[in-house]
Amino acid sequence: MEPNQNHTWKTKLHEVIYEADTPSGKLFDVLLLIFILLSIVLVMLESVVSIDREYHRLLYIGEWVVTVLFTIEYILRIISVKKPFKYVFSFFGIIDFLSTIPMYLAILFGGGAQALVTLRALRLLRVFRILKLARYLGASNQLKDSIIASRVKIMVFLFAVMVSSIVFGTIMYLVEGEANGFDNIPKSVYWCVVTLTTVGFGDIAPQTALGQFITTIIMILGYGIIAVPTGIVSAEYAKSSIKYNDNNATPETKAAKTMDLPEDVELHMNSQCCINCLNTKHQDGADFCHKCGHKLHQ
Amino acid sequence: MEPNQNHTWKTKLHEVIYEADTPSGKLFDVLLLIFILLSIVLVMLESVVSIDREYHRLLYIGEWVVTVLFTIEYILRIISVKKPFKYVFSFFGIIDFLSTIPMYLAILFGGGAQALVTLRALRLLRVFRILKLARYLGASNQLKDSIIASRVKIMVFLFAVMVSSIVFGTIMYLVEGEANGFDNIPKSVYWCVVTLTTVGFGDIAPQTALGQFITTIIMILGYGIIAVPTGIVSAEYAKSSIKYNDNNATPETKAAKTMDLPEDVELHMNSQCCINCLNTKHQDGADFCHKCGHKLHQ
Amino acid sequence: MEPNQNHTWKTKLHEVIYEADTPSGKLFDVLLLIFILLSIVLVMLESVVSIDREYHRLLYIGEWVVTVLFTIEYILRIISVKKPFKYVFSFFGIIDFLSTIPMYLAILFGGGAQALVTLRALRLLRVFRILKLARYLGASNQLKDSIIASRVKIMVFLFAVMVSSIVFGTIMYLVEGEANGFDNIPKSVYWCVVTLTTVGFGDIAPQTALGQFITTIIMILGYGIIAVPTGIVSAEYAKSSIKYNDNNATPETKAAKTMDLPEDVELHMNSQCCINCLNTKHQDGADFCHKCGHKLHQ
Amino acid sequence: MEPNQNHTWKTKLHEVIYEADTPSGKLFDVLLLIFILLSIVLVMLESVVSIDREYHRLLYIGEWVVTVLFTIEYILRIISVKKPFKYVFSFFGIIDFLSTIPMYLAILFGGGAQALVTLRALRLLRVFRILKLARYLGASNQLKDSIIASRVKIMVFLFAVMVSSIVFGTIMYLVEGEANGFDNIPKSVYWCVVTLTTVGFGDIAPQTALGQFITTIIMILGYGIIAVPTGIVSAEYAKSSIKYNDNNATPETKAAKTMDLPEDVELHMNSQCCINCLNTKHQDGADFCHKCGHKLHQ
């Protein structure tokens, strides 16, 4: 009775909540996304004093609506998987829990104004669940690959940037001194990063002629080296781009290319999620989980 | 009498206004461009208090000259096409109408100073008609292609930038607080985008040591990820560049390449516009519209 | 007596002043470069009030030394070419003249302090003669090629940036208004370019919530499009790089490549300059001018 | 007795201090790195007035601990090489000496507060020893190659940036004048570099309409040319990337590639250092120094 058991309410629920292949699964994901965005907007609006004073009651009700919905979702997520503890202690499990509790904690401990804001800010972590949606697009794969491929080089580069900042920061501290806003070496290093990255707030700026001369060198240096990470990612991306076109070209994607479709959108459309071990990223048309061997529902 | 009818004043007018193949057609386009730029300069100068006080009368006359010329052009455009309604409700038709009416509305409704400026600002929409000229150059095709090809990736990237801004903005709001200019989360997120994009106005700047440390991380992050969209467009552009050289190489463009001319300038020089359906982008040497089959005049 | 006439003082002088193949020719160029830099440093130092007050006499003497030397050089340049008028009215001839006269004009017309500075600033135009040295390096050829190749695209792109600035500048003027520093549309457009190019002075910054929201869009837009010109130049440079390696590879440069030398430094080392028509860029080992056929001295 | 002599305490010590192939050699390097970072943190914290006042005694003790450890390390480095003078006068030898002496000098000469800070800042030079670690990673090789390959072009480019800054700086000095913060030409050139590199502190900003118009041109120019060094490094990096994949592919690295490892991490893992001439960068599996022929210990 394997196929029969496949369609009990529990597996049905798992399919709706964790996957996005069925219409109801897609609807659930879109609704969830709307509520996450709504909860973030609520946190943001509450921090604006003038809005909070005017609409405090409305925002408070909104908070509770979101909290109750998140609570229901959290409970449903726990009961629809075979190994609830695995979900509870997974990355997204912890985030889901943390973004649900603030209001309950506020009731329990009273919660002064500032503490309440801090608690509600935890809700922001929920944003990362939206990032999961990027996976469905599959478009970020090539991007991720080229960043991973240039990982070591970017680290070496950032390390060089940091050493330059410390060296130039100390020089500027000695040249400009406390009188001109370079109060201490850490602040001077902070200013140096602001300058090297071409942000340039201007809250601290060199006042002496020598300081301005050194700043000129730092800026031209920063201007020159901004090219380095760009060059790295460009080249890696171009390389991976060639690889994607040559190796990953299944007959379908080849056809897609001929029709001039952005072919990488087609990659990785399978959103199945194993009910047993919560593993995703299964092959298209897979029948069993490639990690634990459990039957996947179609 | 098909060829005869082709040269009535109406088709002649259509050729002058909508196309740029004949000397008179080119002259019309250049004159129109000059008047559009003039109308923008007028709007700009009027907003400068000192200039407006001195030359108010001159600017007012200039406004009316431009308005009358735009009105004549608008009427000519309507009567020279077979399906006037198609033009009136097309993108450029609406823009042409909106950039013509401000002065008439000012007379009708009196118009206070501020409302008048807002009305005149609508004239700016006319600028987009100038963009049409880029089409004649044909140089923007490859550019457009590479942006379209990397559309999904850029969106995923911008989405990641926005999520980072929200997360870091909230953290900075909690760390710095209202005392240091981070009044509320939306303002804090705004500051975060200012920093991540390396704009760095400096109207708001971190004051606490912890805030400056987090800012350092944000800036290095921003510095690192500025490489990503550049890498994407670079690689896509290089790819499309190869495609353009390989596939689109007609004998002429091949010859052009051998002579070291910037070959893409030659692409897409046909400026014919169907009198029936207003469709452009016809093949070189086309005799009939590729959309509605109507005869094109040579 | 062709070889004999070749070594009269006039041709000898021409070789020293206009070319850089002989030791004395190289020495002349280096000495000239030093005096040009010295003259620029003098103009700069004179503008610093504290330095000018202290060392006014010294700077004044330095000015006259440079002026006299430039005068001698200018006269020698005129008498050592066969067609002096061609040199006098050439680009560098006019610059040389303009950078020599300031002090003479100051004596003739008395010259108030401000007028004198403006006159001396003309000396800066002399800097461009230093740029001539870049030609000897030959390294800028590939760079120039890739910029020329992407000329049309960069213009289309800059045009789009300008239109965006005007549109967003007008919107910001209407949203923020004079109260927040957006005094008029031209100033608002200036602010928009400051923001789009990620410079961000901060002298004008949006104060209203709506203004900050629109600014966020402008900045993300600017961040996204900074990739476009970079992508264009990258791809064009990569293309020209391949071309240089494939087509321009003479046996010597091929050997250079095998030895891992930066091969482009070797290109275009001929600094001969025709005494008759002042043409440069002759083939290596050329005996006659490729423009007027006049004999070149070896 | 060659193998026997190879394992005396002196060669053992050399292996631990100068190389990183043995577990004890790696441990030494990691410990050294921690102490260098600690010494930098100490210098930084001492410059923060509030921290220095509170924990002066603790920081002072920390300083002496670091100084004593650096002294011991310096002595061990001298006695473990065959030619001590070669080490003492090598680049790292001088840096090691300079970063050790500050505290001794402070005792000898008394040392006022400011002088002491300057002395301690010398310790920062020690940071460069950490950079040595990058060599072990081998990841910076390709990066270095592409920067060296584009050396001449980047210099020509930076030269052009400098000339533009001087020319525009002088123009802005004449246009804006001392009243608007453009006090003198050097300061005006500094401002111009700040603007061209898109840093934009905002400590000096154009106030006149003409000045803002010229600034717009400078910014768009800077925006356009930011593409040039990026394009150069991108293309050179892509070229060297191809070279690395084609030529340097030994069977091992080829295997690494197949396994999708970041292959360049594998390059240059040999950290042997000749006890006789201090030369590094030996071939993998080398038995004798490739510079002086001295036996390397395995």
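To keep things simple, chains are lettered A, B, C and D as they appear, and every chain counts its residues starting from 1.
In this section, a residue touches a chain if its C-beta (ideal position, glycine included) is under 8 Å from a C-beta of that chain, and two chains touch if they have at least 3 such contacts.
Nothing here was measured: the structure is a model prediction, and the numbers come from that model.
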Mutual neighbours - chains that touch chain C and chain D alike: A, B
Numbering shared by both copies at the chain B-chain A contact, with half separating same from different: different
Pair in A-D, A-C or B-D that repeats C-D, with over half of contact pairs matching by residue number: A-D
Turning angle required so that chain A lies on chain D, C-alpha fit (0 to 180°, nearest 5): 90
Inter-chain centre distance, chain B versus chain C - centres from mean C-alpha coordinates, in Å: 32
Geometric centre distance via CA averages, chain C-chain A, whole Å: 46
Multi-partner residues of chain C (at least 2 other chains): 186, 189, 198-202, 226, 230, 232, 234-235, 238
Contact set on chain A toward chain C in their complex: 198-202, 230, 234
Residues of chain A touching chain D in the complex: 149, 151-153, 155-157, 159-160, 163, 166-167, 170-171, 173-174, 183-186, 189, 195, 198-202, 205, 209, 212-213, 215-216, 219-220, 222-224, 226-228, 230-232, 234-235, 238-239
Chain D - residues contacting chain A, complex: 40, 43-44, 47-49, 117-118, 121, 124, 127-128, 130-131, 134, 137, 139-140, 142-143, 146-147, 154, 158, 161-162, 186-187, 189-190, 193-194, 196-203, 226, 229-230, 232-238, 241, 262, 264-265
